[in-house]
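Okay, got some structures for you below.
Two complexes are shown next, each including chain A; its partner changes from chain B in the first to chain C in the second.
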Partner chain A sequence: MNHDPYVWGRPDDAVYGAYNHAIANASSHGNVQEETSFPKMNSQQPIITGTSVNSIKFKDGVIVAADNMGSYGSLLRFNNIERIFKVGKETVVGVSGDISDFQQIQRLLDELEITEEIYDNDGGHNLRAPNVHEYLTRVLYNRRSKMDPLWNAVVVAGFNDDKTPFLRYVDLLGVTYGLSAICTGFGAHLAIPLLRQLVPDDKDYQNVTEEQAREAIINCMKVLFYRDARSSDKFTLVTLKQGQPPKFEKDLRCENQNWRFAKDLVGYGSTQL
Partner chain B sequence: MNATVASEYSAERHSVPIEHRFNPYSDNGGTVLGIAGEDFAVLAGDTRQVVGYSINTRYEPRVFDVGDNIVMTANGFDADGAALIDRFRNSLKWYKFDHNGKRLSILSAARYIQHLLYGKRFFPYYVSTLIAGLDDEGRGAVYSYDPVGSYEREQCRAGGAAASLIMPFLDNQVNFKNQYVPGSDGKKKKELRYLSLEEVIQLVRDAFTSATERHIYVGDGLEILIVTKEGVRTEYFPLKRD
Partner chain C sequence: MFRNNYDNDSITYSPTGRLFQVEYALEAIKQGSAAVGIASKTHVVLVALKRNAEELGSYQKKLIKIDDHMGIALAGLAPDARVLSNYLRKQAMNLKMVFNRPILTQRAVLQIADKAQENTQLYGSRPYGVGLLVAGYDETGAHLYEFQPSGLVLEYYGAAIGARSQAARTYLERTLEEVREVTDVESLIVHGLNALRDTLAQDVELTLRNTSVAVVGKDTSFKIYEDDEVTQWLEKLDLVSNARSRDDGADGDEETAEGDAPQPENPDADAGAAADADDTRMETDE
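Presenting the complex of A and B:
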């Protein structure tokens, strides 16, 4: 017997009429008319997501950190995603939100790096963070204007032409802002208050040392792991210092966790008073 | 003979998408204010950018010197505001290339911005736009727009989050609305006069400190761009950060 169900045959069209594909939402098998009458759909929500990106300026550089998790709703789907990557010589981009859109952004920026950095068509000028940020802003704003957004919030870190640290944000709507401490997503609520203790005013980053900034960011990653259910304790931390290539530290862990507070939590699905 | 006998639901359209529409707009708060004087104009805005209950940043300039002694702001949804101002700046640059560096009068700038806005009539720039500068006679001029480009020249205008708080104050203090000559028993209106630059700056500062008290989207800093025949200069005053 041939075990392939496909050759078993089906009721003869001449006797029973053509199969009604509308039954049980069967696909239309190349029926173009029906396929095109279905509205085109753009992304309406992120699917696999990355949570916060946290960053702060210090005296002569920037630190950016993001964990390595990719969530599928509440499911921990991936734990090996590097959401911070290098563009050009001295710029890094940290991306939160939809992971597939993040990978699209990564491809776009790889292409940008090839056209701008490999072929020197501008007399020795380098691709710097402000240029990368401006480019990303245009991409994200144009996509939102097509009602087909790239579902991300992005932090661009690097240096200005005058070698001062650069840190700026852009999101799926094309809204941008610059600041001495930037966190996306949950970090904007939990980590920003901790980082603003170091930089209460924008220019105060000039008094912050690399060690202070690093300690604060690592503390933020721990605090976020305590309370952000979509975060992991494994993260990547990138240090940018003027005149040096970005230093990537991968597979860092939140150390000295203390969960004793958890037994006292009331509400939020735990014990009620 | 050709039709399948099926349930009566088979003719119904299946798998119609459920619409959760992506919202392409957000409200980034902030408020702006323009006043025209006899031979100057000011355009002021606070420097806070928000979304929802979060303060994004305490210093993001929202009033810009776009060249040719014209200052401009587009307040509301920041991404649209930035896009509009970028487009205007770019057009102005090309206008100069194409017309041998000719100066663009504020009258022409105003009409051009109407077209930029109305060009997106069916997917509007979600902003209240103001420009300020000097007209051809050297008098202060402020033009204000709605999101789809309807515009007029005015002596003063507030826009953005706290526009409804500031505008009545301006009506009273700049155009002397509801002000009468003392002792005339409310019969003789106070005569209109131009305010001096010092008076205007004091008025702007009062307007913004008051708006900061009562509106959560306003605060952090006040940046005032002043246009005179000498050019554009900027003054900054801190506001409450709470």
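Presenting the complex of A and C:
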């Protein structure tokens, strides 16, 4: 006996021959393969991707940077993707991973901003960074629980209710953590050690000045451009400072590049040992 | 019984531009026993008079907790209030889960107002027959709102709804300035009870059985006090002021109807007119 419930109650092919799907167009496409295959599939991998988002807290704010590349596999397909955007007055969200899912997140947050406005008659009680982050966590975890994740790693930067800097991560699984320096993707390997030199301990961000933080982040962008083959040297850097609207600097370039180290690289496309 | 062609449903206007079913719903609030709310700068107090259907029966609950920072007092159809309070609780919990912060009092009250307004625009539905006082403390401070089944929502420093609530409103108008400066919760509660006592009929007294008190405010989560817990404040009620107030209340009950309870913002002109109309009708009913 065949123990697969799928075939219970069906005429046995060995006795009656295979079912003729052409009869009365009984099946969806007359395609046996499709009928017996897995019924539904959601995204199994990102398609157009954005690489790392790098961020660090300083004494009275946060800096977030991400390059403008949208890659299709290893093809550097788009070079004008802005992956950092503003939510409300004093919060920014940086997104890496699938670009179409990023655009979906952007739509959700725009919609959220509008609905929040409706119930905010006297103004000034917009969602702050912790609320935006919690919302995104719910959205991403909900999608992963439907086995249909939004394929992103997201960094939310802004301010807490008590005006201290806020920086927190959430990804496609709904995993979240907060730190003084957060990088996604390749940056989590390459940039984090550089940023940790400034903030070896989580509370050390209080001793970091804006200039130090900015210099460190720009250095990270350069190192990532050297080593991350999905990155570009054109990037956007956002500075959040207490009591000021977020400052967006677009089309920044990695300056003073020095590729002399490249001749010593071994393997992949370069000379073999 | 007079015949009215324009009150068969809640969505048809009369030629004079009134929605009779909605106005009847506002009358239902006046059938309920009184509830009073006052807000100081840091706290909001709700006090309410409970009624029992018969001597051996229990008293109808008048105060309902929504969340740690918010609660309501009701006057009118209690089952309708339960539906609204369940909705509010759901909203409060959902917001806490999604945004990790307590729901703003204003947002909560506007959401039930939207819900109530739908009933005035759908054929075959009935407006809620209950008025609510919504008290809350959130990041924007202490707030007291009045909710009406018409979907009208106004913020107040002091408000009273339910049977003979005009007397309480008169007391609140007289003591407004004093109340706004009050810093301790105790005297805020006593003011609330004084106002509530003014609404009583001749042969009724405030007792630990029929009095409910609730407080919410800065560093104070919403708490309802009933039975033995309210004796501490009933003992503080001043007998002299009681007698005086009751005289005023008896004379001035309907005459002072044009004075709305004190509000933080300019009262909506239409709302004032509606209140006047209600009070005149009430006279004819009695």
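For the reader, a short list of remarks on this structure follows.
As a convention for this text, the second predicted complex is superposed on the first by the 226 of 273 C-alpha atoms of A that agree within 3 Å, B and C clash if a C-alpha of one lies under 4 Å from a C-alpha of the other, contacts with A are read in each partner's own complex, and residues count from 1 in each chain.
Here is the rule we go by: contacts are C-beta pairs under 8 Å (C-beta built on N, C-alpha and C of every residue); 3 or more make two chains touch, one makes a residue touch a chain.
Just so it is clear, the structure is predicted and the values come from calculations on it, not from any experiment.
In the superposed model, A:K247 makes contact with neither chain B nor chain C. Which of chain B and chain C touches more residues of chain A is settled by the count: it is B.
Once the two complexes are laid over each other on the shared chain, residue contacts for A:P130 go to chain C alone; chain B is not touched. Once chain A of one complex is fitted onto chain A of the other, the partner contacts of A:Y119 are limited to chain C, with no touch recorded for chain B. By the touch criterion stated above, A:D161 is placed in contact with chain C alone, chain B being left untouched. In the superposition on chain A, contact of A:R227 is made with neither chain B nor chain C.
Of the two partner chains, chain B is the only one touched by A:P149; chain C is not. Across the two superposed structures, the residue set of chain A contacted by chain B and also by chain C is empty. Touching chain A in their complex are the following residues of chain B: 1-4, 6, 10-12, 14-15, 17, 20-22, 24-26, 28, 49, 51, 54, 56-60, 77-79, 82-83, 123. By the touch rule above, chain A contacts chain C in their complex via residues 119-122, 125, 127, 130-131, 134-135, 138, 161.
Put simply, chain C touches chain A in their complex at residues 97-101, 104, 106-107, 110-111, 139-140.
Residues 16-20, 22-23, 25, 38-39, 41-45, 141, 144-145, 147, 149, 169, 173-179, 188-189, 202 of chain A are the ones that touch chain B when the two sit in their complex.
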